[in-house]
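Structure below; questions to follow.
First chain written, first letter: the chains are A, B, C and D, and each begins at residue 1.
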Amino acid sequence: MNRQQAIEKTKITHLIDEYLRIRAHSTTLCASLQVEDYTVQPIAEVSPPKWHLGHTTWFFEEVILVKYMTDYSRYHQGYRVLFNSYYKSAGEHWLQSQRGSLSRPTVDEVIHYRNYVDQQVVNFLSLADIDEAVLSLLEIGLHHEQQHQELLLMDIKYILGCNPLSPVYCDQSLGIPRSEKARWRAFDEGIYEVGAINRGFAYDNEKPRHKSYNYGFAISENTITNGEYLAFIQDDGYGRAEFWLSLGWEWVNDKKIAHPLYWQKIGNEWFEFTLHGLMPLDLNLPVTHISYFEADAFANWKGLRLPTEHELEVYLQASSAVAVISEINKRNGNLASIYHPIASGVPFGQVWCWTKSHYSGYPGYKPYQGMLNEYNGKFMCSQFVLRGGCVATPNDHYRHSYRNFYQPHQRWMFSGIRLAQDIE
Amino acid sequence: MNRQQAIEKTKITHLIDEYLRIRAHSTTLCASLQVEDYTVQPIAEVSPPKWHLGHTTWFFEEVILVKYMTDYSRYHQGYRVLFNSYYKSAGEHWLQSQRGSLSRPTVDEVIHYRNYVDQQVVNFLSLADIDEAVLSLLEIGLHHEQQHQELLLMDIKYILGCNPLSPVYCDQSLGIPRSEKARWRAFDEGIYEVGAINRGFAYDNEKPRHKSYNYGFAISENTITNGEYLAFIQDDGYGRAEFWLSLGWEWVNDKKIAHPLYWQKIGNEWFEFTLHGLMPLDLNLPVTHISYFEADAFANWKGLRLPTEHELEVYLQASSAVAVISEINKRNGNLASIYHPIASGVPFGQVWCWTKSHYSGYPGYKPYQGMLNEYNGKFMCSQFVLRGGCVATPNDHYRHSYRNFYQPHQRWMFSGIRLAQDIE
Amino acid sequence: MNRQQAIEKTKITHLIDEYLRIRAHSTTLCASLQVEDYTVQPIAEVSPPKWHLGHTTWFFEEVILVKYMTDYSRYHQGYRVLFNSYYKSAGEHWLQSQRGSLSRPTVDEVIHYRNYVDQQVVNFLSLADIDEAVLSLLEIGLHHEQQHQELLLMDIKYILGCNPLSPVYCDQSLGIPRSEKARWRAFDEGIYEVGAINRGFAYDNEKPRHKSYNYGFAISENTITNGEYLAFIQDDGYGRAEFWLSLGWEWVNDKKIAHPLYWQKIGNEWFEFTLHGLMPLDLNLPVTHISYFEADAFANWKGLRLPTEHELEVYLQASSAVAVISEINKRNGNLASIYHPIASGVPFGQVWCWTKSHYSGYPGYKPYQGMLNEYNGKFMCSQFVLRGGCVATPNDHYRHSYRNFYQPHQRWMFSGIRLAQDIE
Amino acid sequence: MNRQQAIEKTKITHLIDEYLRIRAHSTTLCASLQVEDYTVQPIAEVSPPKWHLGHTTWFFEEVILVKYMTDYSRYHQGYRVLFNSYYKSAGEHWLQSQRGSLSRPTVDEVIHYRNYVDQQVVNFLSLADIDEAVLSLLEIGLHHEQQHQELLLMDIKYILGCNPLSPVYCDQSLGIPRSEKARWRAFDEGIYEVGAINRGFAYDNEKPRHKSYNYGFAISENTITNGEYLAFIQDDGYGRAEFWLSLGWEWVNDKKIAHPLYWQKIGNEWFEFTLHGLMPLDLNLPVTHISYFEADAFANWKGLRLPTEHELEVYLQASSAVAVISEINKRNGNLASIYHPIASGVPFGQVWCWTKSHYSGYPGYKPYQGMLNEYNGKFMCSQFVLRGGCVATPNDHYRHSYRNFYQPHQRWMFSGIRLAQDIE
């Protein structure tokens, strides 16, 4: 083995470690679940955890093993359809809203499937002379896995939260910084650069890095707290049409919405369902599980506005927010990064912030080629961008340029509010 | 202990045995299920098996223990709502279509609940001087449990049958008598008596026994086979409006119905999903999982008609059909009566037969008093009666006067066709 | 011309007169409408009046002229589809719920169509040697026209009644007998004959006349008044599940039903929309525009029940009810029979009475052959029978054996309540 | 009268002329309609023409007369609700989807209402010393009226177009320039100014004028023709998922979309419904009545893209497009500007062009105060911007900065496609 080969081998060994570490984290996140929790789908957009475990495995199988590994044979022909989320170019897929109809494959069978594919990926990486293109797909696959780790926590929370028995996901709670008085950080009018820089991983939709002309603006360093949001409710915010988008007003009235997703009023007191059970509402924690409609109405009530996604990216570049988040998570150790932060709700600075920007392609946007062409671009319609990450986001998945996106009525993700205003 | 007391004690001992035997049968029916199979609800009318196990337990708790046992304390306050099916007088109930949203209580917890309630019922029966009214409620509870045993098999079949992996419920198959050439049995015009006689158990809706004026009619001794039904399909039966009720024609076109529920055409061959897996269609077995719309259209295509429920009851009284069914089941022993008959689809004579009678109260009908007022009468609207029982019906649950009822589009029960005709 | 021919000619002359009289009545009923009133369809089951005028014309064209008149050419090819209500054997038909989407043909064009077809029918009858089968179809066509005359009034009332401006259909009001104290008329247990006798016209669904075994029953000579129904409302009748069918309770809650269709509470007073405008509720008039669900719930609240259709037919045979109704209408002259009775709501004895009988075929029922096979039989599913006629029913359209039928939630027809009870 | 007063009086006289001219145009547009055409609402988003005539009148009554005219009394209290489109701050409003349920007020009554309000506005303007704020509201009211003039033509076309009798709106046809070969006009990277300049009228959503950083781009001078679009269809464009947004693919499959709204294939030939009837498809005319989904899929199929709204505004500023359009319309005289251009479909350059920009507020956007706060801002969610105007747009309603917006599936407006591409 020459030096070049040795370097290559080290790189591959490192990649395999990374692969196994990230893959293992998905099952670790489910360690406290009952088999039944893995299986149900209370609403169409919340998938059964076992489906997530299967789908992320399918991704590696379909994108890498089937295409690049000689003599690879699929674990189960039926899984090709069952665990395809929506990729038309990968053939038929099982209807999203019917994932919870399927009792089989069982959780155990899905775990076997994971183990089989992991073994094959490791074999493939160890033996073959891996092409750069394949390494790039593997990297996407790992980021895809991490996206689903956040989805897993969102969906687990929903599954437990819609259950009148209020089951507990984890016991421990974390000391989280309380929110302080709002401070504004100002930015001058001018041309700014946004979008992914060419180091490190980024999805296609974060590129190309490009110039944007921004007018003078200020961003609040604090996210809105439960206490501030409660004042909106107490001022009849949900009952006054003047604050709401037309579609938002329809939504509030059709669905009888009167508070954030996991809030409950019992007698005269407010509670919030969290991953460590039903807790009295902590007024100093950031409000979370908020739809775009609610975020926008709140901003109007305040006489302020939501930031654009460009403004928020400029702010993130300028601040140490991401660094701080990672720091908090690291300080709590590995276990803590899985269980603790979520346990006590969502700490200050650790909540996805709605922007007023619809989700569209950047100037010069080029979607991935092949099957992954369907990864991002085809959703650029009638959704809004969120920025910044949350406690459920894996630590090494935070990026300034990261663009999360949801429909304006959705709110089962860890979404919150950070305000902006124009300045002269 | 005097003689009277001894007799009473024997009767109670017998009742306790009966109670435990019937209760145990429900869990036995689920013995081959995976935890995941107990949990899902693919369509609103198919309940998760664990819900059935909980609900039948709730029934004894709510109807007997809570009302009549001194110092009884409910196993879990939350179950009062979760396992109430629809009884408005028993307070709130969980939405039927959302039973599959609940991962908790787990299967294990439901089994604990069953065991707790069973222990309490046994204690209650052993110690107390039980009132006749309570014994009567207990009897209804056991028949209720048996109804749900049939529902369990229907729902398990649906849960497995909608899964593209075609899981198997049981392995063994039973030698079932094939259908023979249709023979007609004729009945003269005149007054007939129908409805439950005053010996043995019957639901309120089977009473009172009453006179009915029937014109001369004949009933086929054979139920329609898969082969005969296939001829209807091959004659474009699903494509010709003239055979169908108006609502049936809408249903066929909206839902794109072209064959019985569990049939599948693979290439040029027909298969049928059964509880022992996907099998080639056996043309000599009775057609089953047929809606009223289909049964009625088939009869029209034949130039014949479905019987009324009175005609079918007269026929059952006159024939040994029920006796034969019990005989077949008994011959196969206890285990067989659970697993075997279902295993190979539905044998001749063991299928619920649609009648052309809407489900209404008999002349002089008096519903149960109290909570069970809601048991039957409130469903007397826009449903049709089926008669005769099926392989999934517990042996001692067959009765000539038994009135089963479903909506005209439903077909996940073991329903089939027996024809009738007018005679001079 | 010999004597036989002279008789024949007189008969034809009379038939033509009858045809023209009945056809003219349809347009007379619409005389006070604005063009806009002819055109709209507020809900799927309420058709635009101009559609009724077109459809009844299409019926004669399609059933008689096209089939039997030599060299007949259709008035407009497009009308064949547009004015077909639902007859599959007559080819495609325009979707029922989209009748109100069509601004064309205009009212004037429909009137031209009517005139053309009427002229052709008269020519056909005058010149040809008409077959008995054709005369029979013509008779059905005229009864069909009269059915639509009642529908016209129902639909006009709905169109005006759903308009917040409460437009008036006619000005005059009629002195109607107020309801008196309920008297019961009793009938002994025994065999009764019901169904159409072989004199005079009857639809296929009224035949054959047949024997029915009835237990002793009594029927109220009075229909329920607005005042009696108001007492049900004031006793929280709409809020107590125990009175309602399961589907009825869903309907009440989903649609927020709390009173009969045309009632309005303004301040503390009740009003009723009538064909002569919005009027204070007259407590002594029969309640009307009641669904089966409401009629059944009211009967349960009273501790009584609705009659079966056989009981009501026996009662009608025994009473002079129909005679009285015709008498009232005749007394008021021709014009009055169009405008007056409806003007003041619905008088005592002039309201369709819900029966507890689902709509099914009689023993030995034989549907019409040919296109009219679809007239009645295909609706024998999930509907209930009403008996007796109403103020909107043309005088010579009343029959003891007449079977009207609607879905249990429908109530835009002139439907009310007559109670029954069992007697020993 | 001094000079200042004389100037003022002239200005008012001119304003009154302008008011009457624009108001009269709305009824002129309806001159060829039948009463029935004014009344129907085939789908929720298409309003009855008489409703448009009433609503634009309500706008002047509510925004000006009620608020500013001393002793003004409303024409009819009920119209306040009936003709309110959606302004929550103006009280209740009639449900949009139920506008076609209302036969009253009749067309004649609506015309009386218009005349009454017009007379009052003229009186008000003649006598009072009018405030600038009021004049500004009046100006908005006139632009609002012109918006509805375009909607009137869209809705009339839909009402006639969904009728299988294909009624004709106008007879004459106009010689329209055919499309020529695509030429591209290029623009350099850099900062551009867009948005309304401070001369002339503009809605709040066109302001403020602001800087935008655009990358190099080119815009086609030609809009896509029917012939070019047909090639997309013939290449199975509607059947290939890779070209479609995710929501677009669902729409195409759910609604079975396979061609533009008014196209029909009869035998092997394509026809297009136009305001002068059903015509053979003219391959050289611009394709129109296209949804955003279709426009985007077409661009993807071409390997190009839709322009952003900023790019299109820059292009319009630079080109003489608007001037040319006005020129064409003027050349055809007054009558022509109403009837002709539409008659032959939509000419080159006279079609709204979809942009890839979601509809959002500009940087620094300030909505109107008061009731008109609801005019634009509350719709800034999940819609896309169209630019440029169409043949149905009144001549003096064209503006470079004009932002039209629709939901991505809508296509009953005169919408088409203009392509763009990136350049280095």
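Throughout what follows, contacts are C-beta pairs under 8 Å (C-beta built on N, C-alpha and C of every residue); 3 or more make two chains touch, one makes a residue touch a chain.
These numbers come from a predicted model, not from an experiment.
K.L.:
Taking CA centroids for every chain, report which one is farthest away from chain C.
P.N.:
Chain centre farthest from chain C's centre: A.
K.L.:
Using Cα averages as centroids, what's the distance between chain C and chain D in whole Å?
P.N.:
Each chain reduced to its C-alpha mean, chain C and chain D end up 46 Å apart.
K.L.:
What's the distance between the Cα centroids of chain B and chain C, rounded to whole Å?
P.N.:
Each chain reduced to its C-alpha mean, chain B and chain C end up 39 Å apart.
K.L.:
So which stretches of chain B touch two or more other chains?
P.N.:
none
K.L.:
So what shape is it, when you link every pair of chains that touch: line, ring, star, complete or other?
P.N.:
Basically the chains close up into a ring.
K.L.:
Write out all the pairs of touching chains, ordered by chain label.
P.N.:
Every pair of chains meeting the touch criterion: A-B, A-D, B-C, C-D.
K.L.:
Along chain D, where are the residues that touch chain C in the complex?
P.N.:
The contact residues of chain D facing chain C are 34-42, 50, 78, 81-82, 94, 98, 100-107, 159-160, 162-165, 167.
K.L.:
Can you check the complex and tell me which residues of chain D touch chain A?
P.N.:
Listed in rising order, the residues are 86, 88-89, 191, 210-215, 241-242, 244-249, 292, 356-358, 360-361, 363-364, 373, 378-382, 408, 422.
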